[in-house]
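What follows is a pair of complexes built around subunit A, which joins subunit B in one and subunit C in the other.
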Partner chain A sequence: MTSVLAYNLIAHILLGLIGVIAFYAVWMILLKEKSALKWPKILAFVGTLSFFGSWITGGYYYVKFYGKAVKPVILSGKYPWAHTIITESKEHIFLLLPFLSIAVFLALWLLEDKIQSNNELKKWTAYLSGLIFVLGAIIAFAGVAISSAVK
Partner chain B sequence: MSWFTFLIIAHVFGTILGVGGATFAEIFYLKALRDGEIDPTENSFLKITYRVLRIGLVILILSGVGIFILGRLTGHESSFYDPRFLAKMTMFAAIVINPILFQTKLLKSWIATSISLVSWYGAFIVGMWRNLDASYFEIISVYILAVMIAAFALEIIKKMIKIEK
Partner chain C sequence: MKVVTSAFISAALVAVFVVGITIYGELYTPLKDWLKVNFSHHWVGKSVLSAILFLALFISFLFKTPNEKFPNFSLKLAFWLAIISSAAILFFYLYEVSLAH
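Let's look at the complex of A and B:
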């Protein structure tokens, strides 16, 4: 792996992680009975940008390196399911994340007053942030499993 | 400075903020509840302490993942299968999941506080105790026991300083 690809992979992981942390924080703040939306708005913005950054860097790594050098090793190794099930699931679940994060981001920025006054809307925005965190965490663990399968 | 040294320093720094934050959060909380209510000054102290704790947690996660990536890229994966590391990850998972369960009211305050405090100290001690010779289940058994003892001890302290639940 070239150093450009190595840094690309590191950026993919760290940006994804920042997105997961940001939406965890959004979720926790929105779960409180009384919460100002200043921080959730900033965090949702940071999280959404991070997910897009992770998406682009991950995509570059996949096209330039994974498909040619990693995938054949996994498929011919002891744990081919690491690609056929985990990578395939990871790719498809990850397609959802940036769009789910945009939904939370837009809700917080455009419907701030409604979220403050409507508990039901606040609750569902919190649940959506929670879903983003859970999916993000699953994807992170899937990444660990895939890299373990290569080794 | 190598990446490894930088990440270790960041990891220790995050741990210091986290363990210190968890400790002072509990001390300030108990002190604030002594007169039965949390006044604005006490509230601001608590808020700052929780903020420090959260910053510590974020630094800890990022540096921890950095160490993990570095280990993978340089072929030092064996330490990731160490019972000490796996036990530390379990305690760390408890630190992350605990607030979720508390905020969704699935966990009572007395046990959530104890889990937070013991998990921070547990992860710190297990991380620092390099030659600890124990299996994963032994470490986790001691951890669960420590959570129970801490919950009991905190309740006794609350009674001693006459704090209502």
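Let's look at the complex of A and C:
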């Protein structure tokens, strides 16, 4: 693997983790009965940008390296399902995250007063942030499982 | 308000699109080949088309979405369709692998 690809992979992992952690924090803050939205707004902005960064860097690594060098090793190894189930699911479920995070980001920035005054809106914004975290965390663990299958 | 409602509905519909193009692409090889030919890789094609679809839906819903007091319906729609779409993708690949054995 070239150093450019290695840095790409590291950036993909770090940005993905930042996005996951940011939306976990948004989720937790919104679940509080009374919560100021200053931090959730900043965190949703950071998380959304991170997911887009992770999308581009991960995509570059996936297209340039994974398919040619990693996928054949996994498919010919002991755990071919690590690619046929985990990678295939991970790469497609990931595509939902940037769009869901944009929607949460816009809601927090444009509807701050309404989220504060409407419990239902606040609760479901929290749930959607939680879902982004859960999906992101599952995708992160899937990445670990795929890496383990290569070894 | 319309901006947020449009974003939630567009994200929800993109989730359905991702499921559709993923499953149909696996079952109908010419679609996956078309994505590869036009976007260098099927996943890049799905990524680009998802982004274009999100933007197109977002802009069109800005003009068509009723101005709700609170965008609770579109928010719940995005939440549930994201769960159903993720489960559909996972179960499709589980089913495909089970068929191969």
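Keep this in mind: the second predicted complex is superposed on the first by the 151 of 151 C-alpha atoms of A that agree within 3 Å, B and C clash if a C-alpha of one lies under 4 Å from a C-alpha of the other, contacts with A are read in each partner's own complex, and residues count from 1 in each chain.
Just so it is clear, a contact is a pair of C-beta atoms (placed from the backbone, for glycine too) under 8 Å apart; a residue touches a chain by one contact, two chains touch by 3 or more.
Not measured: the values here are computed from a predicted model.
Superposition of the two complexes onto subunit A shows subunit B and subunit C fitting side by side, with no clash. Of the two partner chains, subunit B is the only one that A:Ile10 touches; subunit C does not reach it.
Once the two structures are overlaid, the count of subunit A residues touched is higher for C than for its counterpart among subunit B and subunit C.
Within the superposed three-chain model, A:Met28 lies in touch with subunit B and out of touch with subunit C [touch as defined at top].
Put simply, if you stand at the Cα centre of subunit A and look at the Cα centres of subunit B and subunit C, the angle between them is 150 degrees to the nearest 10. Residue contacts after overlaying the shared chain place A:Ala36 against neither subunit B nor subunit C. Of the two partner chains placed by the overlay, only subunit C lies in contact with A:Thr125; subunit B stays clear of it. When the shared chain is aligned, no partner comes close enough to touch A:Val73: not subunit B, not subunit C.
In the superposition on chain A, A:Ser147 contacts subunit B only, with no contact to subunit C. Of all Cα pairs linking subunit B with subunit C in the superposition, the shortest spans 18 Å. For subunit A in complex with subunit C, the residues that touch the partner chain are 55, 59, 62-63, 67, 81, 84-85, 88-89, 91-93, 95-96, 99-100, 102-103, 106-107, 110-111, 114, 118, 120-121, 124-125, 127-128, 131, 135. Across the interface of their complex, subunit A is touched by residues 54, 58, 61-62, 65-66, 68-69, 72-73, 77, 96, 99-100, 103-104 of subunit B. Residues of subunit C that touch subunit A in their complex: 1, 3-4, 7-8, 10-11, 14-15, 18, 22, 40-41, 43-44, 46-47, 50, 54, 70-72, 75-76, 78-79, 82-83, 85-86, 89-90, 93-94, 96-97, 100.
Interface of subunit A with subunit B (complex): residues 6, 9-10, 13-14, 17-18, 21, 24-25, 27-28, 31-32, 130, 144, 147-148, 151.
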